[in-house]
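So, here's a batch of structures to check.
Each of the next two complexes has chain A plus one more chain, namely chain B in the first and chain C in the second.
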Partner chain A sequence: MEKNIYLVGSGLTPFGEWWGESLRDLMEEAIAAALKSSHLNATEIDMVIVANMLAEVTNNQSGLGALASSLLPHHPPALRVESACGSGALALHTACAFLESKRAKTVLVLGVEKMTDASVDAVSQALMGAADSELDAPSGLTFPGIFGLITRRYMHEFGLTREQLSVVSAVHHRNAHENPFAQFRQKLTPEDVTASPLVSDPLRLFDCSPISDGAAACILSTIHKSPLRIAASQMTSDTLSITERPTIVSFKATREAMSRALKESDIDRSDIKVVETHDCFSIASVINMEDLGFAKQGEGIRIYEDIYAGRTPLFLNNSGGLKACGHPVAATGIKQLIEVGKYLKDTSTQWGLAHNFGGAAASCGIHIMENTNA
Partner chain B sequence: MNNGAPIIHRSLKRERDRFLPGTVVSFTTLTHPPVRFGHRPRTIGLIELNNGQRVLAPILSENKPFIGQQVRPRMRLSHATADGLRVYEVAYEALAGKAVQLQKFPGYILALTGPSGVGKSTISRTLARVFSEYAENVPILTTRDPKKSDDGEYVYTTPKEFELLRRAGVIVSSTNIPSSTEKRQYGYRSTDIEAIWNKGKLPIVVTEIRLLKGLAHHYGRQSILSFGLLPPGKSKRAKLSALLHRLRTRGRETEAHIRDRMKNAEHDLAFFLERKDLFDHMVVNEDLSSVIASVKEKVPKFSGI
Partner chain C sequence: MEKNIYLVGSGLTPFGEWWGESLRDLMEEAIAAALKSSHLNATEIDMVIVANMLAEVTNNQSGLGALASSLLPHHPPALRVESACGSGALALHTACAFLESKRAKTVLVLGVEKMTDASVDAVSQALMGAADSELDAPSGLTFPGIFGLITRRYMHEFGLTREQLSVVSAVHHRNAHENPFAQFRQKLTPEDVTASPLVSDPLRLFDCSPISDGAAACILSTIHKSPLRIAASQMTSDTLSITERPTIVSFKATREAMSRALKESDIDRSDIKVVETHDCFSIASVINMEDLGFAKQGEGIRIYEDIYAGRTPLFLNNSGGLKACGHPVAATGIKQLIEVGKYLKDTSTQWGLAHNFGGAAASCGIHIMENTNA
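Showing the complex of A and B:
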């Protein structure tokens, strides 16, 4: 990083189905919580970056930058960014760029999605915007379908079994049990996951992250300090369509972002002890463990098996991940960074990582955070 | 939100350019596909085509497909949009569990398909006469009673015997042509087709929808030199009226039979569009000599004679 960027405040709405809350209500709640935790005055924010994917479809709302800005008394300049489910990481990355270039000194980064206003079919179709509308969507494929294809191929190549895969969601639900902001806090056994209804064979209902409402906000600053420093911010891209990739069981965008982020933060992978990874579907988590370099290819599931058996020191998806904490699309990447910061502080750990991707990892954002007090 | 029609159109155009057989890389079955595709589960495959490109498309298979399975494309009606636009798509048909590419190529069969009255029998008889050294008609096994107008193209049998032969696998393709006036079964015996091959000749078969599908399934699509015969006329109505005229002038059938045949003919014409993949050439039967010339030009065994 060109400059030291600190996470000086953060706030979340609980993730869930909030029928009574509007897009604006969710934004307002997260911003208020972030300002409160930062002890800053709202007028000290000199830029707002809003991440959102679907407001035009689910809420008939564009102009999200101005909408967010209007929630602050001095209406600072605002920018909306979109990179599907990776929008949150993109907003953080954009904020870092403004801070490094000195165009801004204190930036409010906000991710928001209000998905339950629209029908499931409409949301499902809109989410397919994160795949190629002419190469992928006309076949009738949905995102669970894309990851169903990926799961079947992965099982074929590496012999992963249905029972093994079920451990992933069991771990996430167990973690969410302790998280007051999580959408699903009940525990699940692997057997519950295996017995849940089929969605896109071999993926089942409890392999899939839900449709959620929620917002997450954080304040990044170069002039106000905190123990939490952003040590790396990297974004990468891959082809939008899975038909244009040589393999679907590993994501190039994640591998590249990870290698660049480690270089930027100048640390070793083994230094990282806290990870929030993008588990939109349970298979994604397994692949992510391999692409992030925590497991060899074909062995990503072992990390989850170890965590479930209490055998590993890695703090993985403590929030409950996208599966159990909920996945209000563009809020997820920012929530991940907030969660990593929280666990670094709570456990006095030095290094943590947030890994967020869009589509089938067509874009990927990785942020590495350092707890300078650890 | 746009209704997706231009997107679907462009997508389909691209798909048509990739109308090739391929191999299943992966597949999934959506329990609840998007509403526009109806409420039945939909199996979608990631398919690597024989030119190396990959596509996503529905897989049509009675059994669960498998990774590495060979598939071949076919056009089919997908759904209708809210505006009434009928959307067609390329779907991939899973070939039988056994590896079809390893099937021995048995030889060619010349198949003539078309609605009743289009002139299939006349053309096949003429071809067999003109190219008698090179081709021979395959007799049609039927359970119906002989008619005066039959001209040696049928071999007659009882329904019981027909069923026995079908079960024994001697009849490689059969059909039960729906009719309100009689129960009629037709089929081809492998022994007849193979005997013609053994003479070094090209078997000529007169088929309809199910017979053609059955032959393609048994011997492999690549073994069928498939000609679709169309009656003259620009519109469907003109084509049907040309057929009606021919059926009436040949004077073989009663009016009840003709009504039956016209109903089937309409279905047959639609089949040409639905299953373009089953036809190598479409020929309009304006007059016999031009059809014979056209077939001659397109059949390697005949050209140069």
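Showing the complex of A and C:
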């Protein structure tokens, strides 16, 4: 790929429940923040890619590309990319392709979701659109149900306990405590997680990412520079239905995307010091650590146990992850990249990784970022 | 752009009301037909881009990229592009960018819509998602309403009569009569159109494209060859809301895309002998002829009058257009390219054009195709 795609600006709205703001308001706020941080004029944006999953259902709004374009004075070409909760990373990947094609030089990538305008039932049903509507949904599953099954199977295969799993959200909430953009900043103990209300046995409320409003915007450019370079951008797909897979306790899409991303960036996994990973449910983070190769299969929880005890140099989900930072679904993948970039800059660290997936990892996007000043 | 992107395969389902087929069935049928026509193995597809507007609402299905990937044996990377009724052309444009970036060599672009699974009310509301949900929809407009307003204003400015406008659908139905994939193959006289039931004054039923099921698939490649070359691929955007535009009787997105496409292909407008254009409502075709530069403003209807009387060498909407071929919205832009390619091959013609837009031309995609054997 093009070796010189830079993150030259970024902007976030806080993630939360924003009853007073519309989809458009959230988009405007993130775009303004990204432009401000980039020191570019709006008219230097020559393309917009919007990531969104749910606006047709939650806001009766399609064509979010044109809506974003409407918010810029020169109405640049714009389109929407969707791949359920992985929409953000796939929009970033699409932006990289347009930059590499030379059709665009400076691309605004905007993830947005306004989920609280619809009832919880309607949102839950719409989120189930990320599963297979013919092969999975008719069984009565929701996404907490799918990840409940995955947790049950994982416990069966590897002996993970309920108490161990609770460490994941405790780490995420501790991290979110320091993040002014996070939806839930209160600290939780593992015991709090274990004692929270049952959602889909064995998953409890504090294992589950919330319904959130929010937007995240990145500006990627080949002609404007910054110390933050996109060293790899990879996407993969898998079967949409969990019934067509050989296993549900490991995600092929993640494994393949990671393998390709390491090859593309030409680094070792051990060079990566900071990771944002897709913890839609706590069990996902455990599996992700294994699929990304940071732990052996069955041992992903050790990473979280080590982090909680202060025993590892790997920094994981500093944002608070989907659980505590919040999960406006299509904004998440873009927020992850922003968070990784911020950490690399603030700590003079060289390499970081953002890992985002859609559905039960039916699609996956991984970006590796280099701080060229580190 | 890359000068060597070829259309190496294509497949269509018939457009219509397919109660017995699911979204997945339609996708499978179009993919199989495209693969067959390309003589490629499925595993030679290294990326899939799906165009879809409505499946979240009509089928409770997101993540159509992963669904399409599920239908191929090797589950290649896949994503969905959406820009309302312009999704098809923008998916083709995105495929071109991926090919130009060298990230993909052979891309399957699949447009699909299963609209009849939802009630007409639900579909009408979902289609209104292509307008601005904050600035347009609260006025009570539907899309027939928006184009009714446009028609009224156009008649006011340019003196177009109801009887003249009726020639548009008469031409489209005459063309569809010969198209085995068309939803409505019966011939209509202009008088039939004028006498059809009122939908949104002055638009009548036979001015309006229908609700349709269908899928269309193209295979674009830089390593496999065919006589059909993509000579230009352009996309543009405009404000989503019609209230933010200086006029509603001409579409800036079309004018800009056409100007860029002619420049990219380095041909004159007069070289183009066959056009598929976006006639979501009959008035749109009249305006499109002007915005594409085939007629002066106010005189677009003359093209249709000339075609109806057999007085012009321009072949327009041989498929039957959206009105008579049917309009499974995100499949339309891809069907247009297939239809243009078929005409170029069958008649040894060199240049053709496909013009697709979303909403009231809030986004537009134009492709110019060359038959290098002509």
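Assume the second predicted complex is superposed on the first by the 373 of 374 C-alpha atoms of A that agree within 3 Å, B and C clash if a C-alpha of one lies under 4 Å from a C-alpha of the other, contacts with A are read in each partner's own complex, and residues count from 1 in each chain.
Going forward, a residue touches a chain if its C-beta (ideal position, glycine included) is under 8 Å from a C-beta of that chain, and two chains touch if they have at least 3 such contacts.
None of these values were measured; they are calculated from a predicted model.
Q: Touch test for A:248: chain B only (first), chain C only (second), both, or neither?
A: first
Q: Please indicate which partner A:262 is in contact with in the superposed arrangement: first for chain B, second for chain C, both, or neither.
A: Neither partner.
Q: With both complexes superposed on chain A, which partner does A:138 reach: first (chain B), second (chain C), both or neither?
A: first
Q: Of the two partner chains, chain B (first) and chain C (second), which one does A:201 touch, if any: first, second, both, or neither?
A: first
Q: Touching A:90 in the superposition: chain B (first), chain C (second), both, neither?
A: second
Q: Applying the touch criterion given at the start, work out whether A:80 contacts chain B, chain C, both or neither, answering first, second, both or neither.
A: second
Q: Looking at the overlay, what does A:331 touch: chain B (first), chain C (second), both, or neither?
A: Neither partner.
Q: Touch check for A:124: first (chain B), second (chain C), both, or neither?
A: A:124: touches chain B, not chain C.
Q: If we overlay the two complexes on their shared chain A, which of chain B and chain C does A:149 touch? Say first, second, both or neither.
A: Only chain B; A:149 stays clear of chain C.
Q: According to the contact criterion defined above, which of chain B and chain C contacts more residues of chain A?
A: C
Q: Give me the intersection of chain A's contacts with chain B and its contacts with chain C, in residue numbers.
A: Touching chain B and chain C on chain A: residues 57, 125, 133-134, 137, 244.
Q: Mind pulling up the chain B residues that touch chain A in the complex?
A: 1, 4, 7-8, 10-12, 14-15, 25-35, 37, 42, 44-46, 53-58, 67, 78, 89
Q: Can you check the complex and tell me which residues of chain C touch chain A?
A: 1-2, 22-24, 48, 53-57, 59-67, 69-70, 75-84, 90, 93-94, 96-103, 125-126, 128-130, 132-134, 137, 235-241, 244, 358-359, 362-363
Q: State the interface residues of chain A toward chain B in the complex, per the touch definition above.
A: The touching residues are 57, 121-122, 124-125, 133-142, 144-145, 148-153, 156, 197-203, 242-244, 248.
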